[in-house]
């Protein structure tokens, strides 16, 4: 399938050597949306969680300290920018690197908290992110071997063969694991049980947008 | 039906997720064995056959891609040659030290190529430079996370951190333990009282 | 000249042997022994990179293997010291 | 004369070995993944993911072009970065489990290795000099290895936070150098030589300072009396 | 008769012996010795491919990995020994808390 069929006419390209970022209405819409969200998140404050303590009338306030707040806001902004970049990139390997960046930043956003449960799920998610190195980079390499190119423009015009489909499937598993969809949601869901909601929100948003973009890539190259 | 419920419960535990992921990925990789695989010979950035340059006795052996320093560009087959105006110039460039080294011995091709200039630099910095930006940002983010955790939690920085806070936390935790001990004492006493009453 | 394919086969064999030993080898219940066993697989991969003439990648692999080993050993010894059961 | 050395198509060796190497890589990955699925302890899984990373290197290297080599380097560094962050999270989680407030001092080590007093200066000097000559990722990793061994051999314990932050700032600034170099490549193509040096130097400083900081973390762990 | 002994066969033999030795030996320190045999095999392989600069760097980096192994093994050995003496870390924690408690005047 050609790129034009899915996202509308190409409005322009940003050529950076072999890596061409291309802009069509769909990608531009996703790009602008995620950047708006990032801007909102960067200016918003965090909430304070109040937990009732067990066995007494006191309550336990879980607030976000200033140092922690700065660290997490920085990582959240990077996460937003990385997601925005993944929306408009036109290169398969570049996309996987954006994916890896989003994965590591997601871990970082929750790593600064003090709850053991949250740290545990961040660790388990990190293990998945490490394993995802194989399906993401390996899948891109298999597609490269099958077609001799990594550019989405070229891949769109090459008819699919079984090896390409296999590479794309491997990549799909990688993206599913790294963004924590369907069977792998538990590792990420546990991470949300921590104060600092706007930063948690960007974890959610980034995986949502990445899935949309990857489905579009799959439809393009197959 | 109860089996499915059990399965869902298992999926809700984060500890099982990496293992589930590993199983799924492993099974998918095994599927790869029934799919016909083969290398498409029409690739970009082709390199010569292994050891052929070494056997030919070229001075910068595995990475000689032609060209003369600041005179003529080397051979680089990029995906979009029209996007890179100076394609091949970095490929053929060598620093003066590297040229000296090249004259000295024919066996230092790798270090000559790794010093500024050479084919890999052309790919990493110029034609696919954006990859390198991302990749070094990944390293930077990972390091920011690790060093933040290390400085704040895992390395001993007691003399520099405000000790008061530490003491406060310790008091709170010991308070909690004392409460728990008291609680269990109370329960034990109640049990005792019940027994005696009976 | 010797046959290059033999080197690739040797590298793959070493990697397979090393990974099998890492997963099911003798005494791998101890994380230290498991970490040392990964060294075999790493040398196998180095051999493949060498045969494919990716010498720069080979250099980087040798340097990063040391760093990864260092990080893993730090985690292992720190956990043992804390008496954590993971 | 040289141009004729570079072939039009992928040499027969690479295309004939491709399936063997790919299948080998897939089997290694499969073994590692099954090992992960059967393992219960967290630290063991962390070690086994290293195997999966090695399998990824084989799969990428099997393509056998210059591009695949350029793709291996990011893959390697990504694995290194992730293993560093995740092991730190594991340690921090366990420390929180044991005790919330009080900090933890690693046990000092009483060893007297001959090599730790005589060799490091020499090895570190060689490695750093060679790394500076190489530049880029490879040079950064090599020079970083030199810094690691130098730091490990010292007996002073740790560094104040200010210095740690300072070294971090150096790597941040060098990252900016490299970005400027990259932008120059496309905005002002006639200065490609300048941008090449900016990029090479920036990347070298960045990677080397990062790995050197890992060495400082280790310094705390293997602190000797 | 002995013409099959050249640098390539020797390096292959070293690597195979080293790999088997690393896996089959039980004690960590014995394993480290076999790791150095394995790495010597890799060094010879690089030399037989004529990449002398890579070989030079391998020769410098190999001792580094051995040092890392030794340091870590000695440290872990020490930790395990001291764990045998008092194998409950909980006591230590309680002790610290008690200390703080008395300091805080609670």
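Labels for the chains are A, B, C, D and E, by order of writing; each one numbers its residues from 1.
Throughout what follows, contacts are C-beta pairs under 8 Å (C-beta built on N, C-alpha and C of every residue); 3 or more make two chains touch, one makes a residue touch a chain.
Only a predicted model underlies this, so the values are computations on that prediction, with no experimental measurement involved.
Colleague: Could you find the two chains linked by the most C-beta contact pairs?
Modeller: Answer by contact count: the chains B-D.
Colleague: Farthest from subunit A by Cα centre, which chain is it? Let me know.
Modeller: Chain E.
Colleague: Using the mean of all protein Cα atoms as the middle point, what chain has its own Cα mean nearest that point?
Modeller: Taking the mean of C-alpha atoms per chain, the most central one is B.
Colleague: For subunit B versus subunit E, what separation do you get between their C-alpha means, in angstrom?
Modeller: About 22 Å separates the centre of subunit B from that of subunit E.
Colleague: Return the distance between the CA-based centres of subunit C and subunit D, expressed in whole Å.
Modeller: 15
Colleague: Rounded to a whole Å, what is the gap between the Cα centroids of subunit D and subunit E?
Modeller: Using C-alpha averages as centres, the distance is 18 Å.
Colleague: Centroid from C-alpha atoms only, then distance subunit A to subunit E, rounded to Å. What do you get?
Modeller: Taking the mean C-alpha position of each chain, the two centres sit 37 Å apart.
Colleague: Mark out which residues of subunit D touch at least two other chains, giving numbers and ranges.
Modeller: Expected reply: 13-14, 18, 22, 29, 33-34, 36, 42, 45-46, 55, 62-64, 67-69, 71, 73-74, 77-85, 88-92, 95-100, 102, 104, 106-107, 130, 134, 137-138, 142, 145, 148, 185, 217, 221.
Colleague: Please set out, as single numbers or ranges, the residues of subunit C touching at least two other chains.
Modeller: Residue numbers touching two or more other chains: 4, 52, 55-56, 59, 63, 66, 70, 74, 76-78, 81-83.
Colleague: Among the residues of subunit A, which are close enough to touch at least two other chains?
Modeller: 15-17, 93, 97, 100, 104, 107-108, 111, 120, 127, 131, 134, 144-145, 150
Colleague: Throw together a list of every chain pair that touches.
Modeller: Pairs satisfying the touch definition: A-B, A-D, B-C, B-D, B-E, C-D, C-E, D-E.
Colleague: Which positions of subunit C touch subunit B when the two form their complex?
Modeller: Contact set of subunit C toward subunit B: 1, 4, 51-53, 55-56, 59, 78.
Colleague: State the interface residues of subunit C toward subunit D in the complex, per the touch definition above.
Modeller: Its residues touching subunit D are 4-5, 8-9, 12, 15-16, 19-20, 22-24, 31, 34-35, 38, 41-42, 45, 48-49, 52, 54, 56-57, 59-61, 63-64, 66-68, 70-72, 74-79, 81-84, 86.
Colleague: How about subunit A: which of its residues touch subunit D in the complex?
Modeller: Listed in rising order, the residues are 15-17, 93, 97, 100, 103-104, 107-108, 111, 114, 116, 119-120, 122-123, 126-127, 129-131, 133-134, 137-138, 140-142, 144-145, 150.
Colleague: Which bits of subunit E are touching subunit D when the two form their complex?
Modeller: 57, 60-61, 63-64, 67, 70-72, 74-75, 78-79, 82, 89, 93, 96-97, 100
Colleague: How about subunit C: which of its residues touch subunit E in the complex?
Modeller: The contact residues of subunit C facing subunit E are 2, 7, 10, 14, 17-18, 21, 25-27, 32-33, 36-37, 39-40, 43, 46-47, 50, 55, 58-59, 62-63, 65-66, 69-70, 73-74, 76-77, 80-83.
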